[in-house]
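After this come two complexes, each holding subunit A, first together with subunit B and then together with subunit C.
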Partner chain A sequence: MADYLATALARQAPPAAPWLASVRARGAEEARRARLPTIRDEAWRYTSLRPLLEGNYTAPPAEAGPLARWAEAAELGLAAGPRLVFVNGRFCAALSRATPLPEGVVLSPLSDLDEVAGARLAQSLGRLAPPGERVFTALNQWWLEDGAVLWVRDGLELAEPIHLLWLGTPQPSPASVAQRLQVVLGAGARATVVEHFATGGAGERLFTNGVSEFELGEGACLRHCRVHLEGEQALAIGLAAARLAAGARLEGFHAALGGQLTRVELHVALEGEGASCELTGLYLPRRREVFDYHTCVEHRSPNAASEQAFRGIAADRARAVFNGRIHIHPGARGSVAHLVDRNILGNDEAEVDVKPELEIYNDDVQCSHGATVAQWDERQLFYLRSRGVPEAEARVLLGFAFANEVLERFPLQELRQRLRARLLARLAVDPQLARHLT
Partner chain B sequence: MSKESIAGLVRREYAAGFVTPIESDTLPPGLNEEVIRTISQRKEEPDWLLAWRLEAYRAWLKMEEPHWAHLRYEPIDYQALSYYSAPKSLAKRPKSLDEVDPELLRTYEKLGIPLHEQAALAGVAVDAVFDSVSVATSFREKLAEAGVIFCSISEAVREYPELVRRYLGSVVPPRDNFFAALNSAVFSDGSFVYVPKGVRCPMELSTYFRINESRTGQFERTLIVADEGSYVSYLEGCTAPMRDEHQLHAAVVELVALPGAQIKYSTVQNWYPGDEEGRGGIYNFVTKRGLVHDHARISWTQVETGSAITWKYPSCVLKGEGSVGEFYSVALTNHCQQADTGTKMIHLGRGSRSTIISKGISAGRSSNTYRGKVHIAATAAGARNYTQCDSLLIGDRCGAHTFPYIESRNASAVVEHEASTSKVSDDQLFLCRSRGIDTEKAVSMIVNGFCREVFRQLPMEFAVEAGKLLEVSLEGAVG
Partner chain C sequence: MLSIHDLEVRIADQERPILKGLDLEVGAGEVHAIMGPNGSGKSTLGYVLAGRDGYQVTRGSVRFRGRDLLAMDVETRAREGLFLAFQYPVEIPGLSNLEFLKAAVDAVREYRGEPPLDSAALLRRAREACAALRLDPGFLKRGVNEGFSGGEKKRNEILQMMLLEPRLCILDEIDSGLDIDALQVVADGVNALRSPDRSFVLITHYQRLLEYVRPDRVHVLSGGRIVRSGGAELALELEERGYGWLEEEVA
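Right after this comes the complex of A and B.
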């Protein structure tokens, strides 16, 4: 383990602007003090880092080669709006799409930031995700080469969704890359951001270590979609941390539909009075995949509200992990917080580990959580079979219905369609049946 | 809740807080192999048990005190405690209750424990443990008629060595955890119950634990074996004097329910909780576990109102096919008390079922945590669990936490968990008050209603006692 961190730290960083060099130095400093978590650490008890260590994912990524091959993977069907594509962590102008943005909006890859903007970023980067709190955040900073920022001035509303694609390509040897995003919405600003993780082709032995930070001003509203559609050898460990001022709202939509190990940590601090957040998610590991969602919603002010609804299906020999936490701080009176996590365990080799948590320090609250792990509903199966649907197909239908209910809540019609297609492929639906379902 | 109107609630003292002036034979503080040898010698134990204790002690030396619980407390100095204390008058073992020191009997009378045969009306057989040793067991003959063995564990070691040797440590092995290892090394006394095949134990069995001496730890060990198709209901109660120091209590309870047997284990835990500022009180680190064979059932019911620190997870290993585990708990914390309690249901057998109902009430500056684990092994086809955890907060300086762990590895199993946290509802309070019920009474009624599902599981007399205990413990909580 020490070896992993040592190798990760020994990595030579390419030359960078002074502001980026300082960010990296801070990351390295913290990483030197840290250690990798093991399953003896509470937050990692169900998720082993063995794939990362055994896979030796330490080197920096190689050049991507001809880009045309990956263009298809870049498609999420979002016809309108700007798109920033990062191939193996580096901005790729050729696959990206620029659209005119209103005055007061900055949407840019880190590598394009000028000195002033860079300095501004260096100051605020890590405010919501301090590198000293988490070893992967520290490594992310140390490896940082590129990333995206979206800064929106007070009161502005972005009509079109912003598509950010983090694309991995096949690597000659296992490689690791940092992914970074910072979104700052001024008071009353509104935006929709789609974070899309994908890999092109086979043999994409890439570990994506991501950190996203969302700072929402008073009354701002962010719709954030984060979808993981990576291939079988890709690893992703990511943190999305948000801080909401009074009256701000975050709507988070999450889907994990691919990747050998996908771990997403969502940390939402409802800092201001009346802030609210809604987190919706779907995870469908199969084969030997491990998908792990860790959420933590902190109510730090009065009258904040949060809703979390996640669903998962674990099949084959896969493992689904869900840890959902609600933390009500002293003084956060009038808090309303609910969480529901429902799981289907497809077969006996698969595993589901769920830990919903409530930590409450105020009496004026309405909080609840519920979690279930079960099989397909026998009555529903019976109903379908009594109408002549073969059992295997009935299971697929029920699985689709169960998961699709979550997808239906996602914004953007094209995104829903794209995810639905991916869902059907995951459920091994035969094409004939799939046509009826989409 | 209108806080001013509730402010009138009077504070009542911890009723069991007195000290009995009794001469004791107490070992000087400190723990080493010599102390363990002395304990074993005083209890005239066989060699195998001494070896067992020493092995546990050596294992304990290599273990680390666990700190994963949501608890904060001063480090425990294990060398500052005395590991053995016995009332001197018991040095020669009494043959009957008449020979027991009257001062001791008065203590139990004060506590309302029906030790005397006169209390036959209560119909409960009692084994009383005072500091480290068992002082008296009542109703021996009547139980013997039914073939039920109910005695102190020291006595069982002498009289029924095969049974004790076979089952001691079979559910909670000496190396199970830090506190269980400590207990295995130094356990002083406790109760032993054996119910033979097909016997329904004719009365409730009860053990009453009392810590009296200062600077002593209490480490009792209870072992209950219910043979095939038998039934037993067992209740334990605990109290301690009020002292400014913290005292350690680290018990182990092992239950074995052989095929078709049923064990109902109820606890009313009222160790001294410390004063309003958190001075004194018992540190309660307890390991309780039952092994449930085919079609057997173990039911844990606990009412936890005492102790400064509670670390306790009565669990069931549902090994047998169709085995059933139940956990009903009311945990109340007030002032500076901290509780981290819950259960583990380990489903191994096909068609095993478990139910968890936990009610946590926190008031004052206390912290109350439910921590539970439901594990469905791949072998537990058709297993079923239902968990419900509700927390009630009284006041805005306390904490209520819920940390359930759900692990499922069998597709045909169904696990359901739900939890809620809220305060005493203004509507309910208003309704009561508009009908002329004063606030104090109303809060008490609402809290009692909140705990109803658990109280229903207690033997009747104790349900009444538990309700009262809750009322007393809550006094001074609101306002």
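Right after this comes the complex of A and C.
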């Protein structure tokens, strides 16, 4: 284990602007003091880092080759709005799409920031995700080459969604890359951000180590979609940390529909009075994939509300992990917090590990949580078969129905379309079995 | 069409059988009614015929259109033309009624060697059936039976039956939970489907449905057996006298 960190730290950083160099140095410093988690650490009990360690994913990624090959993976079908594409962690203007933005909005790759903006970023980066608290955050900073920022001035509303694609390409040998996003919404500002993780082609032995930070001013509203559509050899470990001032609102939509190991940690601090968040998610690991969502919602002020609704289906020999935590601090009177996580165990060899955690330090709260793991519903299965639908297709229909109830809540028609196709491809090994759903 | 001989059925893990040597013959084009007290085994009969798991046939045989029904899996029975309208139709939120109908109609047509209906043709037929059943076509877009009222669920069962064009329709309390107008609509739906090569088994507690859909035979199922069979007039007699006198006679 020490070997992994040592090689990760030994990686040579390319030349960088002074502000970025200082961010990296800080990351290296923290990483040197840290250790990697093991399954003996509660937060990693069900998710082994073995694929990461065995593959020794520490080297910088190779060049991507001809871009035309990745153009398709870059598409999410979003008709409108700007798109920033990062190929193996580096901004790629050719695949990106710039659209005019109102005065008072900064949307930029880190590599395009001038010294002033860079200095501003260096000041605030890591505020919500301190590198000293998490070894992967420290490594993220040490490996950092590029990323995106979105800064929106008070009161501004961005009508169109912002599409951020982190695209990995096949690597000759295991490599790793840092993904980074900072969103700062001023008071009353509103935006929709889609974080899209994808890999093009097969054999993409890439580990994406991500950190996203969302700072929401008073009354600001962020719709955040994060979809993992990587290939089956990709590894992703990411943290998305948000802090909400009074009256702010975060709507998070999460989907894990690909990747050998996909671990997403969501930290939401409802800092100000009356802040609210809604986290909705869907995960469908199959074959030997492991998808892991760890959420933590902290109610730090009175009258804040949180709602979490996740669903998963684990097929084949896959494993799904869901750990949902609600933490209500002593002063957070009038908190409302609900969490539901429902799972279907597609067969006996799959595994689902769920753990809701409640920590409540005052009495004036409305809280509920429920987590279930079930098999296919026999009554539904029989109903479908009694209409002539073959059993294999009936399972696809039921899996789709179960997932679709969550998918229907996602914003952006094109995104739902794209996810639906991906979902069906996962549920139906034989595409014929999904023909009545396309 | 359907020939049941000495059928004994238990729930998988229980000693006492629910059906205890049941005999029933339903000829092509006939309408049979099965009445009987609560818990006598009427729904169990429907489920066993449709092939639901959890029931164990410990004796007897069932032939459907000349073939051994019990040897077929659930979906084959449906494709061979057996249709069970559920006493309690199942909700499948997230799957639209139309998607469900497409899958079912396609499966049955394919089995019969008929070409698949394209989406437009299926939609047209489904809309026509909705109109006949006075169901808003909006129901096609909603999740299967999701949040439907009791009466809407029953009409949705008939809707499926109309599109699947089965040979043998077992309707388990299709009349329960229907208001008077809906009962008429459902009965019209059934009558419209009557034909010389299609048979019906109506499981019901009420004579009223049988006024709209005239049965050729009425049977009383009690204690897991057919204890009395007769013409349509038997239903009237039951309505007046209940089941008590039959049990006494049998005893």
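Quick note on the criterion: the second predicted complex is superposed on the first by the 429 of 438 C-alpha atoms of A that agree within 3 Å, B and C clash if a C-alpha of one lies under 4 Å from a C-alpha of the other, contacts with A are read in each partner's own complex, and residues count from 1 in each chain.
Everything below uses one rule, namely that contacts are C-beta pairs under 8 Å (C-beta built on N, C-alpha and C of every residue); 3 or more make two chains touch, one makes a residue touch a chain.
It should be emphasised that the depicted structure is a prediction, and the values quoted were computed from it without experimental measurement.
Novice: Please determine, from the superposition on subunit A, whether subunit B and subunit C clash or fit.
Specialist: fit
Novice: If we overlay the two complexes on their shared chain A, which of subunit B and subunit C does A:Phe400 touch? Say first, second, both or neither.
Specialist: A:Phe400: touches subunit C, not subunit B.
Novice: Which partner chains sit in contact with A:Tyr361 here, subunit B, subunit C, both or neither? Use first/second/both/neither.
Specialist: Touch status of A:Tyr361: first partner only.
Novice: Can you tell me whether subunit B or subunit C touches more residues on subunit A?
Specialist: Comparing subunit B with subunit C, the partner touching more subunit A residues is B.
Novice: Where does A:Leu437 make contact in the superposed view: on subunit B (first), on subunit C (second), on both, or on neither?
Specialist: In the superposition, A:Leu437 touches subunit C alone.
Novice: Just checking: does A:Leu345 make contact with subunit B only, subunit C only, both, or neither of them? Give me first, second, both or neither.
Specialist: Only subunit B; A:Leu345 stays clear of subunit C.
Novice: Taking the superposed arrangement, what is the smallest distance in Å from a C-alpha atom of subunit B to one of subunit C?
Specialist: 12
Novice: If we count contacts the way the header does, which residues on subunit C are in touch with subunit A in the complex?
Specialist: Residue positions touching the partner: 50-53, 73-75, 77-79, 83-84, 86, 89-90, 92-95, 99-100, 102-104, 106-108, 111, 143-144, 160, 164.
Novice: For the complex, which residues does subunit A have touching subunit B?
Specialist: Touching subunit B from subunit A are residues 42, 46, 330-331, 333, 343, 345-375.
Novice: Using the touch rule from the top, collect the residues of subunit B that touch subunit A in their complex.
Specialist: Residues of subunit B touching subunit A: 68, 376, 378, 381, 391, 393-423.
Novice: In the complex formed with subunit C, which residues of subunit A make contact?
Specialist: Residue list for subunit A touching subunit C: 378-380, 382-391, 393, 397-398, 400-405, 408, 436-437.
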